[in-house]
Structures are given as structure tokens and as C-alpha cells.
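Below, each structure is written out as C-alpha cells.
Presented sequentially are two complexes of subunit A, the first with subunit B as partner and the second with subunit C.
On to the complex of A and B.
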């Protein structure tokens, strides 16, 4: 029991101290730039999404299991991962036809080569 | 291999949390497993139904609520609760105010945390119930484990003042938005129930979406019959 609690404490503590790599995305005219974001597999990363539009947007992705309101003229932070290799689509709920993108998760070596 | 690691992590986590935990609650434990997330601008109508079938008959409770996010991380919801009494009459039974608080950004830490506070007043009786507790959710790939641990205090002239504890858990597979099968566990005083369930959602324009949940819970700690069916519909707009 004591070992299990110590293990749980360590995992939680490490999660406080781990640094996540940042990826910047801009939302402008209801389009995400870049619309394709390549990240390494099995790593937690931070998406910094700057909404340059005058209206709020809602980042939504069932694949990534994330929903987040993007306030206008503000940068919002979305933590994603660790993820396995694959494509994870996302979209803006208020402009689902234009505000679309995909997070592409690749092997770490492949990611370093890009 | 990944699955084995995930399963062992899940088991360790459950063991850590459940081993020291004994739940005591004589109220209705089967209700809803809360998730620790709040969205700004979130507004919703909610309807819940819980039906308990025991050897002594059927108990039915329904609640209708309306709620809204009041800050980026806090949502407030008010409910009226209707119950079918011993004579088969269905009527107003209680009022409830509920506050959900998302404590940290989703995905930032090892698990996501939230808090829940509720206060309930029985309609015709001098009985109050205050609930507070933690809500935790952890992703394991395409699955999510959600845990609720609540401390409940009941007081009033028509009830013996007492403390209770409740524990709820849901392990779901995020198969697709409309259908996410789950296993649910509920623990209270003299009650341990487990059974399958599912949740799903359909999106419409903007923030509008309809969520549905169902669970079929069987009591496993007592020999007498006690089956519960729960349904919930939430319309967010």
C-alpha cells in the first residue's frame, strides 16, 4: 500500500515538473495556421492558439478529447498527448466548414528529421 | 504490451484509491458520474431519471435542471427533483443547487481534477443534504477513467444528523462521439453496484449539442434484488 501511494505521488509530482514542448497556431479569418501540426508520439505537448479574429471560437476534437473556448485576441493553451502515431482531427465549433485542422503524430526520430 | 502497461497502471491507481476507501451512504447512490470539466459560455438543460427495482417494489426519481457557466471554470446548476412515493403518486420531492469547479487545465497534469458542491432541501420535510467532493479523470489512450469521491452531510428536524461518503467510478472507451461504452461502479452504505453503461453526444450548430447517458447497475453486496436503470439527457446551447 505504501509503495503504491509513493508511486502515485511520484507520478503526480513528475507531472507538475515536466516541461511540454510548445506549438504555436494562429486562428485568423476562421482558418487555423498551420492547419497541420506534426508532433512526436508519446509526448505531452502544448498548443498555443492565438485567436486573431474578433469573435470567440471553440476548439473541438473528439479524437484529441479536447474542447476549449478560444477568446478573441487572446492566446489559449491546450495540452495534448501523450498520443500514439496517427492523425487527430480538430475543428472550430462556430466555423466548422473553414476552421479545420489535424494533429499528425509521428515517431520521435521522424519528427526530429522534419 | 502497451495495453498491459495501461491495465497495470489502471489497476494500481484503482488499488491506491479504493483500498483505504469505504463508502457510507444510505441515500440513492446510483445517479451520475461527474466529469471535471467546465466550458465558458456553457448553458444547459438537463433531465435525469433513475429507476430502482427491489424486492419491495420500484422507486423512481426524476430531476430537471438548468445551468450555466458563471466563470471560465465554474458552472452553477439548479434542479427540481420529483419522486414517486409509496402510494404510487409522483410529485415534487426536493430542490437542489449544484456547483461544479474545474480546478486545472485539461491535460496539464497527470490527471484532471475538479470539485463538486451540492445543497439539497426536501420539499415537505425539514431535511437538508450538503455534498462536497473531488472529481478526477485520467486518459489512457482511447479510454478514460473518471472517479468521484463525495462527503455528504444530512441534517434537519426530520432526519438524524449524519455524515456519509459516496464513491462513483466510470471507465469508458471513447469509441465514437455518439457511442462510448462504459463500466460504472457505485459505492455507498450497504451498497456496491456495478454494471454497463454508455454515453454519447450529437453536435449541432455552434455550441449546441445533445448528450445522453445510460447505465444499468446491479447491486452486488446484498443478496436481495436491487437493479437500477439510469438515463440522462443534457442539451447544451
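On to the complex of A and C.
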């Protein structure tokens, strides 16, 4: 019974990072580059965010339910998805007027064409 | 910078203030305990903020999230124990861990931009306004919940505590899926067009009961399951025995 529970736990909760596609984002002068990230629907992806500013920033997204402090001159990793088609905004909580971006989720075929 | 400081103050202080208010209405704590909790919470937040850059590099750059998940779980358990046993130590742990979780972000923000000459005054004014609004809201909430407690008994306060604590597990779950510790599941519903989390009401509901406009399947299951377990444990016979 314990083994079955452990197996169920692994199937439901644990995931494998090897299949996640990586997207690199740079924060510079309180701006995200690129500000638009297009990803395929129903796929988990890995965002590598490098903060090139001298001050920390907080990656925040109500739409994606993500929140992470980005320390200066360091790279941070955030996994997002799987998501349905649509736009998901994110912003830097310490500089919300400038550091803004959007994750655009499109069909897998449409994404492959791009 | 003024508006950003105001919003930062509200976002980071409100969840702590709300938890504190509900716990205080549920079982009033002496002034000495309140001050001890406040000072300990501030000190812990400061130390945690100092350790954050180091923590963030541990366990494949996921150390910070692991520690935050731990704080969320500790808060949930401490609130549960406080609700059942009314132990002062549980109150202390719940509030201090919650303060460490939220205020450390706020302290990072303050210390980062404080040295900037242009931003100093805006930062100060925004923060004072934020603290003021937060205190006013907390006072009103205290009297509202207190009045409801008199009308409906403790059931409402226990339900509020259950939902507020379940929200901490929801946060832990988001942090776990953010680091790929658990697999993210599909979004159940999208209420962004009805009530955005960025709106005033959305922010208050998020801090009060963990409202999410786009929750995933696992979040919904965890939220309702943990809140139900919380309420069931609070009404378990061992509580009434002890109180008798």
C-alpha cells in the first residue's frame, strides 16, 4: 500500500525537467528583454532570467502565479506552464512602470511556424 | 516611486496584518507577547533578507524557494495548533514565520532603493502611507470580525483562519511548481475579466483568503482539502475536552 501511495505521489507531483524548453530573458535598465515571450500551449517551459541591473528586482505575475526575487548580476530560473492559449502579463514589482512583459501562449503549430 | 512604494507596502504588509488580526480576534494575546512577536518578526525578516542571496544559490538555485515553502508550511501548522490549543508559542511562530516570508521582500526593496537620492523621499512617503492604510484597514477588519464573532460565534473566525492558512499552502504550491518540484497542472478557470488579482478587491481577497484568478487543478484541490482538514481538526472532540 505504501509503495502504491509513493508511486501515485511520484506520478502526480514529480515532474521531469529534461523536456522543458528554455527561454532566456534579460533585465537591464529596469526593462525586460524580450518583453514578449511566445511559448507553445500545454507545455511547461523554463525561463532563465538574468538581472543585469545593480539593484534587485522581483519578477511578479498574478496571471502566472509566479513571484521571485532577481538578485543583481545573477540568473534565476522560473518554470511556467502548461498554459492554455492567451496572454499572461508579468512585471517587476520594484519597477512596475518600466519592467513589464507578456508571455503569449499560442498553438504548438503556430509556435513552430514562428 | 511613490505609488510603487505604496503598493509594495500594501502587498507585503497586508497578508501579515490580516493574519495577525484574525488570530488576535480568535484569542487575544497580551501586549508583551505582541511586542515580542513584532520585534522578533522584524529581526527574523532582516536576517532572512541578509541570507537570501546565499540561500538563492543553494540546491540548484532553488534554495530560496525551499525556505519559503518551509515558512508557508510552518505558518499553516502553527495557525492550526493555535486554533486548536490556543498556545501562545504557536501564535508567536505563526506571525514570525509569516512576517519573515513577506517582510523580507519589503526590506529588500527598501534597502535597494534607499540609497538612491531621487527615490528616498518618495520611498519614505509611500511607505508611511502604505503602513497607515494597512493599519487603518486592519483596525476596521478587527472590529468587523469581532462584531461578527459576537453575532455568529467562533465558526466564522475558524473558517477565516482555515482559508487564510490554506492560502499559505497555495503559495507553497506555486513556489514548488515554479521550481519544478511538482508538475504544474492546467488552469481550472480564468476569472481575470471578472475580478483581477491586481484590482483593489482582488488584492484584499488574495491577502485574506488566497484568491487566485487563474488557479490550477492542484491548487484548487489543495486549497479546499487543507481548509476542510483544518476545520475538521478544529472541531475534533479533543479540542472540546481540553477546553472543558
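By definition in this document, the second predicted complex is superposed on the first by the 100 of 114 C-alpha atoms of A that agree within 3 Å, B and C clash if a C-alpha of one lies under 4 Å from a C-alpha of the other, contacts with A are read in each partner's own complex, and residues count from 1 in each chain.
In this text, a residue touches a chain if its C-beta (ideal position, glycine included) is under 8 Å from a C-beta of that chain, and two chains touch if they have at least 3 such contacts.
This is a predicted model, so every value here is computed, not measured.
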Which of subunit B and subunit C A:79 touches, first, second, both or neither: both
Per-residue contact with subunit A, leading partner among subunit C and subunit B: C
Touched partner set for A:33, first subunit B, second subunit C, both or neither: neither
Touching both subunit B and subunit C, residues of subunit A: 12, 14-15, 44, 56, 58, 62, 65-69, 77-81, 84, 93-94
Sites on subunit B touched by subunit A in the complex: 2, 12-13, 15-16, 19-20, 37, 39-41, 72, 105-111, 139, 141, 144, 174, 176-177, 203, 206-207
Touching residues on subunit A, where the partner in the complex is subunit B: 1, 4-5, 7-8, 11-12, 14-16, 44, 56, 58, 60, 62, 65-69, 77-81, 84, 93-94
List of subunit A residues in touch with subunit C within their complex: 12-15, 17, 20, 42, 44, 46, 55-56, 58, 62-69, 71, 74-84, 86, 93-97
Complex contact set, residues of subunit C against subunit A: 4, 7-8, 11, 52-53, 56-57, 61-62, 64-65, 105, 108-109, 112-113, 174, 177-187, 190, 192, 196-198, 202, 212-216, 219
